[in-house]
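Okay, got some structures for you below.
First chain A sits with chain B, and in the next complex the same chain sits with chain C.
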Partner chain A sequence: MRVELRDIRKYFGAVKANDGISLTLEPGKIYALVGENGAGKSTLMKILSGYQPPTGGDILLDGQPARFHSPADALAKGVGMLYQDPLDMPPFRVIDNYLLGRDRRLRLDYKSARAELVALASRYGFAIDPNATIDSLSMGERQQLELVRLLAGGAQVLILDEPTTGISAEQKEILFESMHKMTREEGKTVILVSHKLEEVQELCIYAYVLRRGKLVGGQELPCASEALVEMMFGQLPQRSRRPAFTLGTPVLELQDVTINTYQLTVPDVNLTVRAGEVFGFAGLEGSGQRLVLQACAGLMPPGKGHVRLGGQDVTGWGYHRLQQHGVGYVAAGRLEEGLVAGLSLTEHLILARPEKQFFIDWPGNRAAMTERIATYQIVGQPETTADALSGGNQQRLLFALLNTPLKLLLLEHPTRGLDVRSADYTWQLLYNRRADGTAILFISADLDEIIAHSDRIAVFSGGRMSRVVDARETTADELGHLIGGQA
Partner chain B sequence: MNQTQSSGSGWVARVWPLVPIVAALLFTSALLLLFGASPAEAYRAMWDGSFGGSDKILGVIAFWVPLVLCSVGLLITFTAGLWNIGVEGQIVLGAIFASWVALRLSGPAWLLIPVEIGAAMLGGALWAALSAVLKTRGRVNEIFSGLALNGLAIILTNYLISGPWQPPEGGSFRGTAPFQDAALLPRLLESRFSPLSLVLAGLAFAAVFFILRGTTWGLKLKALGKNPASAYLLGVSSERETIMAMMFCGALAGLGGAVRVLSWFDSLRQSISGGIGFLALLIVMLAAYRILWVPFIAFFFSVVLNGSITLQLKTQLHSSLGGILTGVMVLFVLLFGSAKQLGIGGQASTGAGDAPEAIPPPPADTIAGDITPNVRGGD
Partner chain C sequence: MNDSQLIAVLASIVLQASPLIIAVCGEIMTERSGVVNLSLDGTMLMSAMTGFVVGLRTDNYWLGFLAAAVVGMIFAGIVALGSIRLGQSQVAIGFVLALLGDDLSAFLGQNYTRMSGAVVPKAGIPLLKDLPVVGPLFFDQNIVVYFAIVLVFVTWWWLNRTQAGLQLRGAGERPTAAFARGVNVNRVRYLYTILGGALVGIAGAAYSLNVKIGWSDGHVRGFGWIALAIVIFGGWSPIRGAFGALLFGATKALATVLQRAFPEVSVVAFNALPWLLMILVLLAVGSDYTERFITAMPHSWQRPLRRVLRVSPPMALGTAFHEG
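Up next is the complex of A and B:
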């Protein structure tokens, strides 16, 4: 099925998640859709799979305009999406999941459904036991089941969102095999949404690159990974002429830290961050940098290795204990992880302060918050609730809530969503903390930011940390190589 | 404190809370007409049952006191985002602990009563702590552990009544022998109302009011209830606060249980709580978590439920009418104005997970069946 997207726009308030995207997908081919986090990939794919309607623009299937009312409607018209987390019902059996939403009769025809399921699965080399319960399946098997369900539902266009996350090497092999079969032999259209450029290179014949809601280009594959990275991130900036800061003693030391999650293993991280240093973690989303940051914050216990803070072994310490010992952490999700909707700015300050009074000194805290509002240029009152602030102001509030002095400050995307001026101001405030000997470790999706503000940089790719590079000496080429997973 | 947030569409918003009350009255009237009874007569009988004499009024107040105790306790757990359905069992355990003191120890009233009250609060708190620890350590939802513990508490009562605490004259399976006089709360005029219990309820109300208004603990609970993840990152220990909140509520529920055995009754009975815990859950929901409304709604409940006893005596109607009326009212409140639509959604956070209106109240007839304030019998 030939898919044409014409001038797809999706606005969330003032945010243009998709800003006039037009592209064409030919049958029988595997396409890649790449772009950094927030580039608009998911939004576009949710529109194409009927999950949400576009603000404007048209979808054409084989030249005919199509309008989807729901994902089920899209599937009936031939478009199916495999989500990163399979949409199945864990307590059910495989066969029940397969029938769910397909057989609309009162009495289910298990016998023929079972035969159909086994036949379809074996055609693509999948081995699924129809009577197994979903709980007992691996991520890869659940994915296979979901794929079979979509195919049985008549999908001619398949969207796969990060399909190789959390599945084994063999399952990946089988998956790639089946994708080739679907396209080459059956003429289906497959779209791969992925951050893993090696896989994109291996599998796809063409990549569409999104950046900040716009289609910035297409690229025949395979090609040099740097070319893709450059399109995804834009032109890499020149190094800043920030004066060097005399670094102090080591604040954070990671020794052979290994983190295991069901999706990713981050092996043997060795790292030293010194007082006053700004250390940036680069890499595509989900490459392991966030796990390392969380391990430093005590939010993710390392499977192996040691974490030292100011020379003291803090391996296995919880977040609250580290917090009391001068570690600050600002997560990316502002209203999800950090702020409480419905509580006022003053109330946040009271909670965040290390010294806890039994009775709240409202006037004193209100005055303290007023002071911080001025320092951090927050547009709001002490009584304003956190959810009533704009995104940028929420970010400034999170910084305002950090205590002083801090030994170590861990930041996720410190200036995401801020305009240039407030981003600069945020960094100015962060630099001020260097004077107190605070070490700053941050991750960012914005390579400009990492190069402009870090002293040293490490790049993560598929869970592995690269060698540490000096921000003043690195080149765009070097970072592009590292992000693409080459040494 | 939330009024400022109400979507101030003038008088509609202000009158809106009355709509479910009127609707419930209309619905119940229609029901009465359907059965050929006169609504006016029924409501008059209920009114007489509650206000037709000082003994009646004191009865209403005596029933109201433990309701307020449990309701303000529940405000603490609701604030922390906890569904303490186990409040019913916590009342029973409070009653059992107080009864143990009353039956097994002896001494002057000034000594015995504080010990009873202390034991009751301890009993309720420990029972609640079980739910809390099952939640924080065993990841058992507090609703389910609460329900299970409610059942266990009733079984424990029945065992005690028919076993070790059986009255000497033989098991009646209705209750223990009456407690010694020194163990009972001093009551006003031959009624079941003890002024001391009113003082205790007032203290509990004030304590909860100030905890939620002006203490760091109250603020922590608020943060925990609205967004546990953010609260954690801000430094709130969810385990500690969950256990403390549950134990606080359990202690107040236990106190309510003590008031039930030591002043409403004079012994440990089979259905010692009489569904007060479930009623308190409804009261807090109806009040949309605003503490200042709680005493008034609790009083209204007490009036309706006490009034319906007279209803049965004076008319041919069953006393469960009171239960139906309150139950229907809660349903209408949930129907017409889930907290957000009412513009009183200050507590209902933006997250979907903690919307308290997701749980329907227990069916009206169960409540009515349990609420039989006149089972005092035997005297």
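Up next is the complex of A and C:
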């Protein structure tokens, strides 16, 4: 099925998630849709698969305009989407999951459904036991089941969102094989949404690149990975002027740190961050940088190796103990992980303070919070609840709650979702921290931010950490190579 | 106790359990669609009162049941509307309705206490009622008991063997995935909340017209909470739920027997017996030992055993669903 998107727009208030995207997908081919987080890929694919209506623009299927009222409607018209977390029913049996929504007959016809399911699965090389319950299956098997459901529902266009995250190498091979079968033999159209450029190069014949809600280009594949990276991130900017600073003694030392999760192994990280230094981790999401950050915060015990804080071995210490020893951690999910929605600013301060008293000194804490509100330029009152603050103010509140002095400050996406002024102010606050000798280690999806604010940069790709590069001397080309996984 | 006495006790257990079974089946359908209707206690008081009064005034117990079902549907409809349409807490609305139903039934029914009215007549099923043991237990009862028994199997069949039942369970387990398969989640939830409410209403009238005939202030107080507890105890399965209701009735009867045998122990202590048993069973089913026991069984038995023994609430129980 030939798919044409014409001038697709999707606005959420003032945010333009998709801003006039037009592209064409031919049958029988595998396409890639790439772009950084927040580039608008998921929004576009949700529109194409009927989960969200566009603000404007048209979808044409084989030249005919189509309007989807729901995902089920989109599937009936030939477009199906496989989510990273498959939309199945974990407590159900495979066969019940397959039958749900299949037809309008009252009685379930298990016999023919079983035969159909098994036949369709084996056509694509999947082995599925219809009587197993879904929560006993691996991620790869659940994915296969969901694909079979979409194909049985008549999908001619299949959208796969990060399908290789969390599945085994063997399952990955089966998946790729089935994708080739769908396109080459059956003339279906497949769209792969992925951060993993090697896979994109291996599978797809053409990549569409999104940046900040716009289509910035297309590229025949395979090509040099840095060409894609450059399109994804844009031209790298000049380093902004920033206060010069002399580095102090080593604060954080990682020695042969290895982290194992069931999805990813991060082997042998060796790293020293010194007092007053700003160290940036770059790389596509899920490449291991967040795991290293969590290991430093005591949230992810390393499988082997040593973590030292100011010369003291802190390997295996928990989060709270590290916190008491001067490690601050600001997670990406401000309201999810960092703040408590219904509590006031003063109550947050009381919770964050290291000394715990049974009776709370309300006037004292309110005064202290008022002072911090002024210092950190938070638009709010001591009585305001955290969820009533804007994103920028929530971020400043998180910084305001960090205790001083800190030895090490760990940050995830410190300016994600902030406008330019809030972002600038956030970095000003961070620079003030380093004057106290705090070492700052941060991850960001925004390469501009990493280059502009770091002293040194390490790039993660597929779990491996690159050599450490000096932010003043690096080039877009060099980082592009490293993000693509080349040394 | 001789044999015929024992049979009589057992038959009365079945009779006593029948309203609970009806309410449990209704609430199971509601909860498996993702809505928790906590108003059962108030609903049953209101519908017991309404059913009795309508039966008395019209001298027709069928009309009594009908009126009781409508009362149940109104209460459930308020829970559904408040939670689905207005986005309010299901727990809060249900709880308030439970309290409201208690006082409202006392107020509206105050002129009808301790009167005699319409009663469901006994109606043994020819031939079947003459079977040994099961005959007197299940087939020499009346229409309410037969309805409860049939309802258990129909509910089970509906949940597990029909497309509609699959959609109902889907709405309660993972509404986003059900929506992706074309299920109108909120419509399904409205439907089964109100249907469940109708059954709870019928259960209330089943007390006032059949099991605990008549009306008095606080007549069936507590039985709504018992039904809610049995839903959990029954693992949201109608067959296990019915078993739970019978077990509850049996331990109650046992408590009476024990009370007679040990007159020096307070009756209150024996009344706690069913709850103690339920907690023990829930702990046993949820423990690691059950899993170890299942793993020790032959491989082909493990899957059916796990399905029978596993207790897990519908994943999306009590949560709101928004499309898109």
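The definition used in the following text is that the second predicted complex is superposed on the first by the 479 of 487 C-alpha atoms of A that agree within 3 Å, B and C clash if a C-alpha of one lies under 4 Å from a C-alpha of the other, contacts with A are read in each partner's own complex, and residues count from 1 in each chain.
Keep in mind that, in the parts below, a contact is a pair of C-beta atoms (placed from the backbone, for glycine too) under 8 Å apart; a residue touches a chain by one contact, two chains touch by 3 or more.
As the structure is a prediction and not an experimental result, all values here were calculated from the model.
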item: Joint occupancy of chain A by chain B and chain C, clash or fit; value: clash
item: Which superposed partner A:63 touches (first chain B, second chain C, both, neither); value: neither
item: Partner chain(s) touched by A:90 [first = chain B, second = chain C, both, neither]; value: second
item: Touching partner for A:13 - first (chain B), second (chain C), both, neither; value: neither
item: Touching partner for A:331 - first (chain B), second (chain C), both, neither; value: first
item: First (chain B), second (chain C), both or neither touched by A:99; value: second
item: Partner chain(s) touched by A:319 [first = chain B, second = chain C, both, neither]; value: first
item: Touched partner set for A:363, first chain B, second chain C, both or neither; value: neither
item: Chain B region in steric overlap with chain C, selected from 62-70, 116-124, 170-178 or 296-304; value: 170-178
item: Common interface positions of chain A, toward chain B and toward chain C; value: none
item: Interface residues, chain C side, partner chain A - complex; value: 161-164, 166-167, 169-170, 173-174, 176-183, 303, 307, 312, 315, 323-324
item: Chain C contact footprint on chain A (complex, rising order); value: 51-53, 70-73, 87-92, 96, 99-108, 131-133
item: Chain B partner contacts - residues on chain A that touch it in the complex; value: 319-320, 323, 329, 331, 335-343, 347-348, 350-352, 354, 356-360, 362, 387, 401
item: Touching residues (chain side chain B, partner chain A) in the complex; value: 214-217, 219-220, 222-223, 226-227, 229-237, 346-347, 349-351
